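Look at the two complexes coming up: chain A is in both, with chain B in one and chain C in the other.
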Partner chain A sequence: MFKISMNEADKLFKAIAESDTLYLPIEKGDQIEFYEYHEGANVRLDALHTVKSAKDAFLPNCETMMEFKMEGKNIEIKEADRIAEEFVVFGVRACDARSFAILDKVYLSDPVDSFYAARREHGIVVSMACNRPEETCFCNKFDIDATNPEGDVVVWIVGDELFWEAKTEKGTALTEKVKSVLTDADSEPVEKQQKEVKAIMEKLPLNSMDMEYLKDADMMELFNSPKWNELYQSCLGCGTCTFICPTCQCYDIRDYDTGHGIVRYRCWDSCMYKDFTMMAHGTNRKTQMERFRQRFMHKLSYFPINNDGEFGCVGCGRCISKCPISMNITKVIKALGGDN
Partner chain B sequence: MREIRELLVKKINELLENGTVDRVIGWKAGEFCYDVTPAVYKKEDNFDDFLFDGFCGANQSKYLIEETKKEGKILTLLKPCDSYSFNQLLKEHRIDREKVYVLGIPCHGMLDINKMKEQGITGILSITETDDVVTADTLYGEKTCNRKEVLLERCLCCKGSKHMVYDELLMPEEEEKEVETLDRFSKVAELEAMTAEERFAFWRTELSKCIRCNACRNVCPACSCRTCVFDNANSGVAAKVNADTFEENMFHIIRAWHVAGRCTDCGECSRVCPQNIPLHLLNRKFIKDMDEFYGEFQAGTDAETKGPLTAFTMEDCEPDIVYTRGGDK
Partner chain C sequence: MNDVLIPKIGVVTDVRQDTPDVKTFRVVTPDGKKAFEHMPGQCAMLSIPGVGEAMFSITSSPTNTEFMEFSIKKCGCLTDWLHQMEVGQMITIRGPYGNPFPVDTELKGKNLIFIAGGIGLAPLRSVINYCRDKRSEYGNIDIVYGSRSADDLVDYQEIIDEWEKTEGVNVYLTIDREQEGWDGHVGFVPNYVKELNLSVDSTVLICGPPIMIKFTLAGLQELGFKKEQVYTTLELRMKCGVGKCGRCNVGSKYVCKDGPVFRFDQIDELPDEY
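Our next item is the complex of A and B:
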């Protein structure tokens, strides 16, 4: 294990940015997101969450896939390059770090998504243990250890020191690059903090939420539950929950006429939207109740059925804080049968 | 607030019992003390989780578009500022007045949980309020803050205690109550004083945070089109992120134009924005301009008066006014 004083953290960021593009939580326009590091950036490692999750680094909210240029009768087609250079995503919380494994199951299974695969290949995840969980956290419900997140490198911030430990080959290679700014460290302060944070995790209010019943729940029974009709009533049909969610994975592909040609891009899509999976025969979910149900059935039933019981949720709690009318996955889980 | 809730539940029960209404749209308590969800209660429902406290900021007027299409009569609980939106929707024939009974309820300013969290009050387990102080029991001990510092943005520029429309008032004595209010145009004036480049940079920074979740549009009582232009596949634009970020930023400008003259400045757009974009400033800029060009006008004061952009008088300014305000010829 290594460490560096938080006062000198900028040296570490510079050392990483020298060889790889570095993304980390930066405050801009009053909000914190994963932005590319630059000197003088307002880095905010103290924030529990960025607004958008870290999935943005691997599945950006918008990316160009190809461009068409028309001249007379000729059409020139230019495919977008896949990323080919290393980049580092620094400060990924345990919940977001787990979301990558969930996205992998979708994007790296056949047919492999080459845009996503390239980013996963070249992306290095430096995750960051939680030292101040909030009441909205429930990652522990998914066997995620907030004090020991998954990642190529894990960092812990204890007092005014940042502790660093490589966990994978990629992580070891990154450590070699930045070693000159780090010093050797004893793991004791980290272990002490882990204990303290675990004690806080024991007190989280969502611990009482029962999810066990979902493990052997009948899909059709859940689908036909009368509860959906009550739950969806106040839903505005906006896309906030889907766009801030680390595991929501749906996208749309659209053409944009620039006036000089066409840009074909893909962007995040939301099952809460009326035109979601619109087909020639019309949309297949005509009511907001069906759209609302789709989102939660996907996370709590369809995804686990297809993925060895793994839920499509990591308990980050963003939807709890951000839904304009405060309807969220925990209320759905409780209403469907998990309220003890 | 607790006393108001008791009074309110009593009144609701009375109106349900005597058949004035068959249901009420209220606020339902959540998992925490602040995650309140608008919900419809019927006579037979349990009112234990019916809430009225500082986290009932959501403006319920827009729900009445759908609710008044249903059978029966619904009771709506309007805070003074919500009553402006209600009137505006009446004016636009979007609410069936016959199918709704309006109970005007008092409001002492609603709280913004995000402002509390920004102050470092996190891990919140419960909250108690007095008129001046908010106290939170958290995972990290008890924390307090000044109530005024954590009010919703719109409450800082409160329109007052008076309801613009009602069938009945819960506490008539509160109607004339004085409220502290700031000049809602001060930030607009600050933006106007900037150079065009500075202003452009300000809005680009703010609007570039947008994730196109459409929460602002979907919550907005003035955005009540049956099909939004951005949901029309044939319009060439979409309600999603665009490859051209400038095109995307224009969404908010277009929306602000569309609600100009009809926006009551209820502030729901800014309240729900997950990115904290100060969308209300776009609306206030339009309101300020209209006030200057056509005389002061507050949308939603009544349900009849034509708005400045739909009425015509000989005194209306001419289009060339833009040149005197720094526009390019």
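Our next item is the complex of A and C:
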């Protein structure tokens, strides 16, 4: 294990940015998001969450996949280049780090999505253990250890020091590149903090939420639950939950006429929107209740059925803090389980 | 790097006006070959860049080694554009997607009943021609096909010139309302199916408007058919075609990769959202 004083953290960022593009939580305007590092950036490693999750790093909000040249009756296709250079996502919380494993199950399963796969191949994840979990956190319900997140490198901030430990080959390679700014460290302060934070996690209000019933719940019984009709009532269908969610994975493919050709791009989409399933003859989910139900059924039932019981949620709590009408997945879990 | 989302170029080499709103397009690659091999019931993503991309069933049989055909009804933005195409127009094509009808397994050696309504004949035509080309491998073939009017029967010329003349193939055509010059059956498909005295040991393949499927299935059950004997093919909005974009998700299934062909006993296990 290595360490560096937080006062000198900028040296570490510079060292990383010298060889790889570095993304980390930066405050711009009033919002903290993963942005590319630059000197003088207002880096906010103290923030529990960025507004959007870290999934942009591997599944960007919007990406060009190909371009078409149209001439008369002829079409020419030009594929977009896949990313070919290493990049580092620094400060990924344990919940977001797990979301990558969930997205992998979709995008790396046959047939592999080559755009996503290239980003996964070249991306290095430096995850950051939590030292101040909040009331909205419930990652422990998904067997995520907030004090020991998944990633190529894990960092812990204890007091005014940042501790660094490589966990994978990629992480070791990155460590070699930045070693000159790090000093050897004893792991004791980290272990002490881990114990303290685990004790806090146990006491968080959502820790008592019952999710066991979902593990052997019948898909059709959940689907037909009368609770959906009560739960959806206040939903505005704004889709905010989908866009801030680290595990929401649906996308749209659209064409854009640049005036010099057609760009075909992929962007995030939301099953909360009516046009998501709209066809010439109409849509198969006509009401907001059906669309609302689809989103939660996918995370709590359909995804687990197809993925060895793994839920499509990591307990980051963003939907709890961001939904304009205070609806969120924990309310759904509680209501479906018979707990109002 | 190859990606399923990156299409190939297809060239339209023939356009046939089947009905007032259905055209059948013949598509090959620029060097005159089939874009890819498929099995009956599988689909392809066709697109006109700048307009959109959508999933269409491949109406030609895989036994056709020269080209692929798509029968497309003009009913939305992309299909409107497709209908404006002339011979020589390039489009993009990718596929094949989904599971085919089980022509080489469950359907083999069986008596088959095809029931179609309107443009619902498009995916079944692939199976019908496949079975006709491998005639000895299947039992009797009954084809019940209905449309709004005689002018709306897709592939009419092929039906009377080829299907009706194939040994062991019976074709039963019907139209919704009386029409001058039509001396065939008049009436809706579900009722006609009940009148035909079809053999209940057959396997049924059905495709058409949801309302037709609903009443036909009920009629078949009255006649003693089990849901395990009846196959259909579903259609939902799709973007990727490979079970990732999320659009065609119904229950734990994705219609694009787990379907589009389903047996009715399998459909029973899914939420009623298709």
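By our rule, the second predicted complex is superposed on the first by the 328 of 340 C-alpha atoms of A that agree within 3 Å, B and C clash if a C-alpha of one lies under 4 Å from a C-alpha of the other, contacts with A are read in each partner's own complex, and residues count from 1 in each chain.
Basically, a residue touches a chain if its C-beta (ideal position, glycine included) is under 8 Å from a C-beta of that chain, and two chains touch if they have at least 3 such contacts.
Every value quoted in this text rests on a predicted model; they were computed, and no experiment measured them.
Trainee: Mind checking chain B and chain C on superposed chain A, clash or fit?
Mentor: fit
Trainee: May I ask you to decide whether A:Q249 touches chain B, chain C, both, or neither, giving the answer as first, second, both or neither?
Mentor: Only chain C; A:Q249 stays clear of chain B.
Trainee: To the nearest 10 degrees, what angle do the lines from the C-alpha centre of chain A to those of chain B and chain C enclose?
Mentor: Result: 90 degrees, to the nearest ten.
Trainee: Identify the partner contact of A:K274: answer first if only chain B is touched, second if only chain C is, both if each is, neither if none is.
Mentor: A:K274 sits against chain B, while chain C stays out of touch.
Trainee: After lining up the shared chain so the two structures overlap, which partner does A:N74 touch, if you call chain B first and chain C second: first, second, both or neither?
Mentor: second
Trainee: Looking at the overlay, does A:A173 come into contact with chain B only (first), chain C only (second), both, or neither?
Mentor: Neither partner.
Trainee: Have a look at where A:Y265 lands relative to chain B and chain C in the superposition and call it first, second, both or neither.
Mentor: first
Trainee: Looking at A:D257, would you say it contacts chain B, chain C, both, or neither? Reply first, second, both or neither.
Mentor: Touch partners of A:D257: chain B and chain C.
Trainee: Quick check for you: in the superposed arrangement, does A:L108 touch first (chain B), second (chain C), both or neither?
Mentor: Neither partner.
Trainee: Just the number, please: smallest Cα separation between chain B and chain C in the overlaid arrangement, in Å.
Mentor: 8
Trainee: For chain A, what residues appear in both contact lists, the one with chain B and the one with chain C?
Mentor: Residues 252, 257, 269, 278 of chain A touch both chain B and chain C.
Trainee: For chain C, which residues count as touching chain A in their complex?
Mentor: Answer in residue numbers: 1-7, 9, 49-53, 75-77, 79, 86, 88-92, 235-237, 239-240, 242, 244-252, 269, 271, 273-274.
Trainee: Flag every residue of chain A that touches chain C in the complex, lowest number first.
Mentor: 65-66, 68, 70, 73-75, 77, 79, 82, 106-107, 111, 113-115, 118, 219-220, 223, 249-253, 255, 257, 262, 264, 266, 269, 271, 276-281, 283-285, 290, 294, 297-298, 301-302, 305-306
Trainee: Inside the complex, what are the residues of chain B that reach chain A?
Mentor: Residues 30-32, 34-40, 58, 63, 113-114, 122-125, 138-140, 205-206, 208-209, 211-215, 217-219, 231, 233, 236, 238-244, 247, 271-272, 274-277 of chain B touch chain A in their complex.
Trainee: State the interface residues of chain A toward chain B in the complex, per the touch definition above.
Mentor: It comes out as residues 28-31, 33, 48, 51-52, 61-62, 64, 132-136, 200, 203-206, 233-234, 236-240, 242-244, 252, 254, 256-258, 263, 265, 267-270, 273-275, 278, 320-328, 330-331, 334.
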